[in-house]
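As written, the chain order gives the labels A, B, C, D and E, with residue 1 at the start of each chain.
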Amino acid sequence: MALLEAKKLGISFGGLRAVDDFNISIEKGELYGLIGPNGAGKTTVFNLLTGVYKPTEGIITLDGKDITGKKTIDINQAGIARTFQNIRLFKDLSVIDNVKVGLHNHMGYSTITGILRLPKYYKVEKQMTEEAMELLKVFGLEAEADTLADNLPYGKQRKLEIARALATKPKLLLLDEPAAGMNPNETQELMDTIRFVREHFDMTILLIEHDMKLVSGICEELTVLNFGRVLCQGKTSDVLNNPEVIKAYLGE
Amino acid sequence: MSFISYLINGISLGSVYALIALGYTMVYGIAKMLNFAHGDVIMVGAFITYTMCSTMGLSPVIGVLAAVVACTLLGMAIEKVAYKPLRKATSPLAVLITAIGVSYLLQNVALLIFGANAKAFTSVVSVPALKLADGQINITGETIVTIVSCLIIMAGLMLFINKTKAGQAMLAVSEDKGAAQLMGINVDGTIALTFAIGSGLAAVAGVLLCSAYPSLTPYTGSMPGIKAFVAAVFGGIGSIPGALVGGILLGIIEIFGKAYISSQMADAIVFAVLIVVLLVRPAGLFGKNIQEKV
Amino acid sequence: MAMLEVNDIKVYYGMIQAIKGVSFHVNEGEVIALIGANGAGKTTILHTVSGLLTPKEGSITFEGQDLVKIPGHKIVSMGMAHVPEGRRVFAQLSVLQNLMMGAYTRKDKEEIAQTLETVFDRFPRLKERQNQMAGTLSGGEQQMLAMGRALMSHPKIILMDEPSMGLSPIFVNEIFDIIQEVSKSGTTVLLVEQNAKKALSIADRAYVLETGKIVLEGKASDLLNNDSIKKAYLGE
Amino acid sequence: MKKLSNKKMNKTFRDNLITYGMVIAAYVIMQILVSAGVVSSLLQGLLVPLCTYAILAVSLNLTVGILGELSLGHAGFMCIGAFTSAFFSKVMENTAMPSGLRFFVALLIGAAFAGIFGLLIGIPVLRLKGDYLAIVTLAFGEIIKNLVNILFVGLDENGFHISFTNTMDLNMAEDGQVIIKGAQGITGTPHDSNFTIGIVLLLVTLFIVLNLIHSRDGRAIMAIRDNTIAAESVGIHITKYKLMAFSISAALAGVAGVLYAHNLSTLTALPKNFGYNMSIMILVFVVLGGIGNIRGSIIASVILTLLPELLRGLNDYRMLIYSIVLIVMMLFNWAPKCIEWREKVAAGFKSKKSVKKEAE
Amino acid sequence: GNTDNGSAATGTNAATESAAASDSAASGSVFKIGGIGPTTGGAAVYGLAVQHGAEIAVEEINAAGGINGYQVEFKFQDDEADAEKSVNAYNALKDWGAQIIDGSTTSGACIAVTDKTKEDNMFQITPSGSAVECVQYDNNFRVCFSDPNQGLASAQYIGENGLAEKIAVIYDSSDVYSSGIYEKFAKEAENQPFEIVAAEAFTADNKTDFSVQLQKAKDAGADMVFLPIYYQESALILTQAAAMGYAPKWFSCDGMDGILGGVDNFDVSLTEGVMLLTPFAADATDDLTQSFVTKYKEKYGDTPNQFAADSYDAIYVIKAAIEKSGVTPDMSVSDICDAMKAAMTEITVDGLTGSGMTWTADGEANKAPKAVVIENGAYKAM
C-alpha cells in the first residue's frame, strides 16, 4: 500500500482553480518529485497535504489513515513534515533550539517540571540536546548550533529547515524548492544530503524543485503539474522526455 | 421620539470620533505606527484656535487656519525628531513608546502654558441648528459641520490616495520602504507628508471637537484620541471609509448603551461591542483580512 | 568614460563590514555579471549602487555624477532601475498598480501607456492577472512583475538581483532571453546570479566576488572556461 | 560538539544568576542602608512599589517579549489581583486568621483570579493579531476598570450581597459591612506588604518566567512568536501555548496587584492606577528595558519609577522633564544610529583596553 | 514655577536629603508645612488651587511676622491624584522636614496618606478630602464638608424648602467624591418629599457628551437636576442642556463652586438660577474674600475656586492650632501633632469658607453650608 495517497484533490481561490483533480500515490521509501511551471499549484498541493488549506474536494490518506481536512498540527503528528518555499525559521532562536522545537512532541516533561527544574527536566533536556546535535551533524550545522537562525547564510537556513522537519520524526518529508538560491556546488552537496537522509532515516520524500540537475539526479518518480492539473506522471526519465513536459516546462 | 434624538446625538458624537479617526487611520495606514500623540495634537490645535479667537479676538477662519498650519508643522517636527530616528529600529514598539513620550510632553507643555483650568471654547461654527418635528429634534450646527467635514475629508483622502502620485507613493511606502525607494519615491518625504496631513486633520478635529463639546484642558485630547483609535480599529484600521463608519457607529453605540442599558457601564458596553465585532470580523468592519501566503 | 563606475567602496551593516573595498565599472550597452557564493556581498553591492545603502568609503559615479551624494530616490529618475532580490512586489497592491508604481518618476501619460503595452507584450501572464493582488501571485509570476515594474521606469541601466531564482527551467531560459532583449533594446544590465553558467553565457564581462572582495574579473567567455570558476561556481 | 551547547547552557545560567544576584544585592544593600538610617523616607516608601512595577514589567515581558503579542490591558489583571485579594484580606481581617497566612492566601487568590481572567480573556483575544489584539486587550482592561468602579459588595449575616448600582441595592442588614464601595473601592486593607515580601515575590516571578523561557514550553512559545505557520507545521499547539503564556503573565500581574493592594490603605480603580495609562506605562518599562530582556525590564521599571520622584525638586517642570528624558532614553536605546555609535564607543574602549594589556 | 518657597535641600541624594531634614529640624526656627495634591494630570486644576491658596496664606502670615514669631516654610508636592504617588509626595515632604501636612487634595489619595501620617503621628489637615475615611484617625482634620454630610444636607435642603418634586441626578460613578455624595443623597431622598426619577452616571473616561443623561432627565419629567460633581463637567452639562432647550432647576454642592470664574471664557449666563451649597463664594463682598481673590488673581491670573479657599483656610487653621497649643518648631513632629490635635477642638476660625468654624475631635468642621443661588452672574444667599 502506498504511504501517501491523494485522490481528486481540488481547491480554488476566488475564480482561480489553483489545483484540480490532483492524484498522487507515493510508496514508502520513495524519492518523489513534483515539478511544473511557476504558478502551476505545486506549493498549493503542499499546503493541501499539510492542512494549511482545506481541500474543497478529494481525500488524502497517509499510511491508510484519512487525514483530509485535518489541522496542520494533527497532520504533522500523523507523520508529515515540510519545509517552506520562503524560508520560515524561528529566527530569534538558536539553531539547536529550532531543532528542539521540532522534537517538541517526541520528548517532553510537564510545565511544572520545567518551571521547578525537577530532575526530569535535566534528563530530558540532555537527551533533546543530544538528539538535536545528531541531526545538526547530518547537515553539517553542528558548529553553528548556538548561532541565531537568522544569522545563518541562506543555504544553511534551508538545511536547518530540513533538520527541523526531520526532528518531528515524520513518515513523509515535503521539501519545497530546497535548492533555490544555491549555486551548483551547493546544490550538489544538498543532493548528497537528501540521499543520506533517505537512507539514514528510512524516509519517504516528496520535493518540489526547478533545478533539473537535482530532479533528474535524485528523484525516482515525478508528477508534473500544469495549470493546477496533472500533466504527466511516471518514472523520472520517462517524464523528462515527454514532449508535452518539454513544451510546457523544460523548454527546447 | 427620544430614540431619534439619541440617534442624532450618537451621530453627533460619532462624527467627532470619526473626524479624529480619519487622521489616526491615515497615519497608521501609511506609517504603520500607532501615533498615541495624535490626540494631543488635537488638543494643541484647539488651544491655538482658542488663543487666536477667544483671547486675541481674531476671526474663526484665521484661528482655524493658524491651527491647521501650526499642527501640520508640529506633526512634521514630531516625526522628524522623535519618530524618524526609530524607523529602522528592530521593533515597531520602540516608536510606539516615543509616541507616548511625545504625548506626555505635549500635555505638560500645554499645562505649563495654559494652566489646568478648563477653557470654554467658543464654537467656530456659525451654521444654525436644524430643528425638525416642531423643535423636538435638534441637530446642532456643529454636528452638521462635523459630518460634512468628515465626508469631505474622507472623499478628499480617498481621492488623494488613489488618484494622486503622492497618494500612490504612500501606499507603496506603507508596504515596503526599500522597494518604494527603488521606484524613485522619496520615502522620508512621503512619511513626513503623511504626518503633515494627519496633523493638519487633527487640528480640524480639535477645533470641531471643542466646538461641539466646549471644554478645553491640556488633557482634552487623550480620551478622544483613544476612542478614535478604537473607532479606527472598529472600522478596520488603515481603511479610510472604515474610520468614518467606525467613528459614527462608536458614537451611536456609546449613546445607545448609555440610554438603553446603563449610563454607569457606558465604557464597558462600547468596549464589549468592539470585542464582539473584532471576534466576528478580526480585521474590523472594512479591514482587509490578509492571509499570509504560505 | 564608463557609464557606471564603482570605486573602492566599503559597506558596513552596523559594525560588520560586508564589502571590503570593491571597484568595478559598467560601460554603456554592456551586460555585466556579478557572481559569487551565498553571502559574498552581491546584494549589498547592488543596494549600495541604487542608493538603499550608503558606502562608508569610496565613490560611485553614474554618467559622471556622484551617486553617493544624491538622495536615494533621485537615482531612479537618472535612469537606473533595480529588480531586487526576493522580488519585493507590493503585495497588497494589484499587478497593475505595481507596474504603475514603476513609472512613478515619469510624467508623460502616453509614453507610460506605451511602455505598459510593451511590458504586457513581454509578460502576457501579467496582463491576464493585472487586477490580482500581487501578494497572491506564484513565485514566478512575482518575478515577472518585478522585472516588468523595473522596466516601467524606462531605465538606461537595470540592476537585477538573482532574477532566475525559483523559476522553472523554461522560464529561466525565457528570463535570460528577456535580459538579452532588454540589453539589445539599448539598456545596460548589471546582473547578479547564482546560475553562473547562464549568466556568463549572456554577459560581456563578469566579476567574481568572494566575501566582500572581487577576486577575479574578465571577459565572460574567458571566465566560462576558467578552471577554478568551473569548479567553484559551475558545478563541473 | 556537546561542549558548545554546554557553553550556551552556562551562558544562560550565568545570565540568570546575574539577574537574581542583582535583585538580591539590591535587597541586601537597601536593607543595610535602611538600618543605617541613611535612606530617605521617599525612597523607603518606594521600595514596595518598585517591586510591584518590576513584577509587572517582568510579567508583561512574558506576553510582549516572549509570546510576541502586544497587550495594552495588563493593568486590568493587576486590578483583578488587587481587588480580589484585598477583598479577601478585608473579609478575613477580624477573624482569627494569622496575618501571614492571610496574606499568603490572599496572594494565591489574587494570582488565581487574575490567571483565570487571563485565560478567559485570552481564549477569544488570542485569535486576533497585532494591533487588533492590542486594542482588544485595552478594551478588556477598560471593561474591568469600569465594572470594578460600579461594583458594590457587602457582607452581613446572610452572606455576600452584590450590586452594580449602589449600596442601597445591596439590601443589607443593619450591621452589614460594605466591603467594595464602587468608586470608593476598598479602604482599610491591612498593610501586609513590605519590601522583603516584595523582593521574594519578585524573585519568585523571575524564577517562574526565566525557567519557563528556558524550558520546552518556553521554546514552543517563542517558536510561535517567530513563525506561527512554521510552529504549527512542526506540531506545536498554538492556542495552548499562547494561552499558557498569557495566563501566566496575567497571574503574575495579579501578584503585583496583591502587593499593590496591601501596601496602601485605599484601593480605587482609577484611570491612573488601573487604566490603560498604567498598562501603557508597564509597556514602556518593557520596551525601554529591551523586548524579551527580563533583566532590562527590571532595570527600566526601577529607573522610570524613580525618575519622576527624583525630579520632584524641579516642581512644575517635573513631568515635562520626565517626558523628555523618556523620549531621549528611547532614542538612545533603540535608534539604530545611536546603537551603532554606542557599539563603536564600546569597541573603541575595548580595543584601547586590549592595547593596554598588550603593552603591559 | 510658583513653588519655590521650599528652600531646603531637594537634592536627589537620599543621604544628604535626610541629613538636611534633620538639620533644619534641629535649627527649629521655622515651621515647615507640606502640601500635597495633583499639579499634573487630569485633576491638576484642584491640586494647583490647593497649592496656590496655601501659598497666599503662608505669604500673608510670614509678612505679618509668622506664627508665634516663627516664619513658615511651605512646600507643595505633586501626587497626580494617585494614592501611591501621594504617599511618595508625603515621604518627600518628610525628607524635607515637614512637620504639618496640608493635604492631600483628593479623597482617595488622602486616605492613603492618613495611614502614613498616623504612623508618624504627624498633624494632617486636608482642605478638600471629603470622603469619610479622610479623617479616620485622630490626627486627621478637614476644612471641607464630608461627602455624606453634603449629600444629606442637599437632600434635606431641597426637601425642606420644597424646591422640587422630581429630581434627576447626574454623577460621576468613577469619582469618590461624586459617588459618595450621590449615595447619601439617594438614601436620604427616601425620607424627603421629592422623588429621584433618574440617576444617570458618567465616568472619568466618558465626560464629553451628556446628551443622554440630560435627555433621560428630561424624559423622566425632572424639574430639578442634582449635580454632585465638579464645575468643569457642570459647565459642559449646562451648555449642552441649553443647546437642547432643557431648563430645569439645578442644584449642586461645593464642587460646583468655581463655575463662575473657574472656566475661562465660559458663558456665565448659563448658570443663572443654579443653586448650590457652598461655603465659599469668590465674589463675596467681605474683606477677607476680596483681598484673597485680588491677591490670587494677581499672582496666578485665575479666579480662585473653593479648593483654593479651603487650602487658604487650612493654613490659618494650622496657625490657630499652633498658637493655641503654643508648639514651637523645635519640638518633635509627634509632640507638635499631639498638642495641635488637642488644640483643634478649642479653636474657632473665621475663614473664607465659613466664619466661626470649630472642629470636633473626629476631625469634622462645624460650619453651616450656605445655600446660594446664582443671579446675574453672582452668588446670592438663599
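The rule is short, and it goes like this: a contact is a pair of C-beta atoms (placed from the backbone, for glycine too) under 8 Å apart; a residue touches a chain by one contact, two chains touch by 3 or more.
According to UniProt, the chain labels map to these proteins: A, C = ABC transporter ATP-binding protein; B, D = Branched-chain amino acid ABC transporter permease.
Small disclaimer: the values here were computed from a predicted structure and weren't measured.
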item: Given chain B and chain D, the chains that contact each of them; value: A, C, E
item: Graph distance between chain D and chain E, where chains that touch are linked; value: 1
item: From chain C, the most remote chain by mean C-alpha position; value: E
item: Taking each chain's C-alpha mean as its centre, the one farthest from chain B; value: A
item: Selected interface, A-C versus A-D, where C-beta contact pairs are more numerous; value: A-D
item: Distance from chain E to chain B - Cα centre to Cα centre, in angstrom; value: 36
item: Whole-Å gap separating chain C and chain E, where each centre is the average of the chain's CA atoms; value: 73
item: Intercentroid distance (Cα basis), chain D paired with chain C, Å; value: 50
item: Residues of chain C touching at least two other chains; value: 136
item: Where chain A touches two or more other chains at once, by residue number; value: 43, 52, 84
item: Two or more partner chains touched - positions in chain B; value: 108, 111, 264, 267, 294
item: All touching chain pairs, where touch follows the definition stated at the start; value: A-B, A-C, A-D, B-C, B-D, B-E, C-D, D-E
item: Footprint of chain E on chain B - complex, ascending; value: 2, 5-6, 9, 12-13, 50, 54, 108, 111, 115-122, 129, 135, 138, 140, 213-215, 217-219, 223-224, 254-255, 258-259, 263-264, 266-267
item: Parts of chain E lying in touch with chain B, wherever the complex brings them together; value: 39-42, 44-45, 48, 173, 200-203, 205-206, 208-209, 211-213, 215-216, 219, 232-233, 235-236, 239, 243-245, 262-267, 301-302
item: Contact footprint of chain B on chain C as seen in their complex; value: 50-52, 71-77, 81-82, 84, 88-93, 97, 100-102, 104-105, 135-136, 149, 153
item: Footprint of chain D on chain B - complex, ascending; value: 28, 34, 36, 82, 85-86, 88-91, 93-94, 96-98, 100-102, 104-105, 108-109, 111-112, 226, 229-230, 233, 237, 262, 264-265, 267-268, 271-272, 274-275, 278-279, 282-284, 292, 294
item: For the chain A and chain B complex, residues of the former touching the latter; value: 43, 47, 52, 84
